């Protein structure tokens, strides 16, 4: 089986040599290797390899050989288990369901969770469990508690907020550190807050965009994974801009998920390194 | 000679009919006509026409025919007179000088004004007057006063801030209402303020851009004329991003000036309508 | 009801005036009007208007007023009836079905016709008739005859070839002149023919694209409606390029259909004029 | 001094390990390392490193250690010597001269050669030798002979065809194998031949582009280094499209040269691998 080694930490002379040496000794064939050293001296490397041999013993050998203080992860190359979160908008969900139905997502959609039930008919067309967990008559904590209980069933590796319009609490986010991906309307970091297309229209921007990012404690402010933009002009209404923006959102989210599900994204401070 | 009629104001039924009727009576041939009505009911029209006849009498006839409250301007189609403002960066200036040297700018560069003299050698290659007006040992008002005295010589129609790194006072801007074009590093409205490429780098953005806009009282906040972006990734340093950003700045500024100098840009509130 | 007037033919002085005059007399309010005159003197105009009154009598009045030789069409603003053609690839079909399910297509999908039955399960999720018309054991003429009989049931205004991998005969195309829209893999006019992504890979291109166009007698050579591209690099395999290409195909096809279904596309020789 | 190691050839297990081992033994610090293995099993690696020690002995050691059949080059990191070729168009030349004047080109422009003298005034502004070598009254061979004699003076590492409108013979190209960079109007491989913007206009394309490529025996058909495109619509005349195309040409050529002059471009068959 193919393996993906992810490694990051302070740079030392000889790191690439040491890793390739261990893999060579274990008779592994390197399929691809990409690395990056930041100007501040942080080292990142993604190595995809295959061969006979025990992944556990390769990892042990790497740990023993490499300097302390490095973060090492060894993942088999396989589909991720994910749960999608939606509210009422269908565009990102529809895109992901079609990709999933034809095995293009690099992930298994275990379930869809929503605080409304309007998208249930769409999800049910694809034979995926839909959990309608209303936030009404619940405190924020009670609502998130109910969601967490549902997630217990699935034990997903990633949560995808495919236009989920509720802010998650810090406490919730801590259950899935660096494992929640969100798609943000408009062009981050501009126009944070409500009704961004209206803001963009009023400002007369000539470009609108979308940003996929990890979720951390600051709403809409986690590390950026992917962005894209479209040109607009004065003839578009705020509604037209939102329509075009939704197209951008769905393609940016798909692109970001492809990177995340293929173990290509490192997080460093508020930045992502994509290898 | 070709004429350009610019017209904007509250929409009324029959406006296009009335204008085309007057031009028809004056035996003018319409070369192109573009109009836009905003969702809030504001009408904008740009008509390019030619024919024998007196522009003054056409304008009088239009004024007499059309409802009151419309803003009418009739310009002969010709190059604009402009003065460029620069500080130390050469990229936008170099682009404009080369275009000017080969008659591609739709404008006459009457002079270049700078608060430093580092770009004097470049400007002198092209035989254009360079005015070094240092801001040192002067109050802001004294400095702007000296600039205004220099501008008196040239009576330019537009000022182009081609990386002029000083904030203009409200009083100065009032001398050239809607006639000052600026190019702004980074992607407006994001990262307003100092060292935007450093901010963008630290935030790990995947896209950087530039914005050309009219200057009004709020620094970097006038109506946007043109924007463009480039994709970046984690491998670019803040310096690399600034380099790529400068390329974007010069092409966006050129694009915006082409629109402005061809009388294609209407200003409405904080938006531009480009016909 | 809103009406859309489409008009094209040789340019004459006063055409805009004459049209606006008639609409003014009929007490119609012009919502938007766009026109274009080609360098060779061909006039094109799209006028959207509304008001009380009889469309038939407006059209009669226009015909009586305007010079002979102009092509005039008056359409009520409404959804188009369309039939989709597919073979085995799902990406364009999936995109259109999702848009249709949420009323974003400006069209009614009456049926899907395919020469294979692999996409039947997807189509049936959306409750749309699926006609599997195999081409096996049939001559090309017999196959197209069977398709034409099925189309008789629906009387569609447009046919959309959403990755239909069979060449249509001249005779078939004549039944739907300028009413068949195709999406072409790769970047037209480059790499015409089989396996274009392999061709593009072997050539080491840095950009791939997709083209939506009307179908005429020459395969892949009708008037272009929309195009878009994506950047690629050497790291993408021919398969990766095909995957990215499919994303481009579906967004370009959607964009083109929006223009066509809103009566924005004029055909002039081998070019489109989009107003 | 920084060194750049370029290595390509058939892939073998352990290549990265062997290279990093040698550099480690020589006490060199790897600044960046990028490699790529093609689906057909060809290995490419670019390693930038620095440290005390003798480059010659590092290269000898690498040659002794690595399997035979690999192509190894070790270049000090420094500006390339180049000669530009132009005909009458100034846009690419102007861009390169401004970059050169402000030390942004990663190259030294030793001279400009032209078959016309119209650009001599521009070049002389920048104090660079201009050689007017007319092709009139000369056979193709005599003309190229005269150019080659001039190049003898400069011994350039690269020739840049910055809108040089003459086809070079196979014999000429053999003097500078993989060392001539050309910028091609329009979007390769489409519209090969004369007057491409006219062809593109007549075809009604919605996108135009430019391609920078190495020159080989087939005109306009060498390995592609960089491409870019701009959106166009029916309102642009063939002249407008050419104007926009020129802007694209100059930015694509600059981008390609940056890659070439930084030793980032490998050639493999008719493709480029850019590391």
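To keep things simple, chains are lettered A, B, C and D as they appear, and every chain counts its residues starting from 1.
Definition applied: contacts are C-beta pairs under 8 Å (C-beta built on N, C-alpha and C of every residue); 3 or more make two chains touch, one makes a residue touch a chain.
Protein names from UniProt, one per chain: A, B, C, D = Formyltetrahydrofolate deformylase.
Computed from a predicted structure; not experimentally measured.
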item: Contact-richer chain pair [A-C vs C-D]; value: C-D
item: Label of the chain whose CA centroid is most distant from the centroid of chain D; value: C
item: Whole-Å separation of chain centres (CA-atom averages), chain C against chain D; value: 41
item: Rounded Å distance between chain A and chain C, as computed from the means of their C-alpha atoms; value: 36
item: In chain D, residues with contacts to at least two other chains; value: none
item: Chain A to chain D touching residues, read off their complex; value: 13-14, 16-17, 20-21, 23-24, 29-37, 231
item: Touching residues on chain A, where the partner in the complex is chain C; value: 90-91, 94-95, 98, 101-102, 104, 122, 125-126, 243, 247, 251, 254
item: Chain A residues touching chain B - in the complex, by the definition given at the top; value: 36, 38-39, 187-191, 202-207, 209, 223-229, 233-235, 237, 269-274
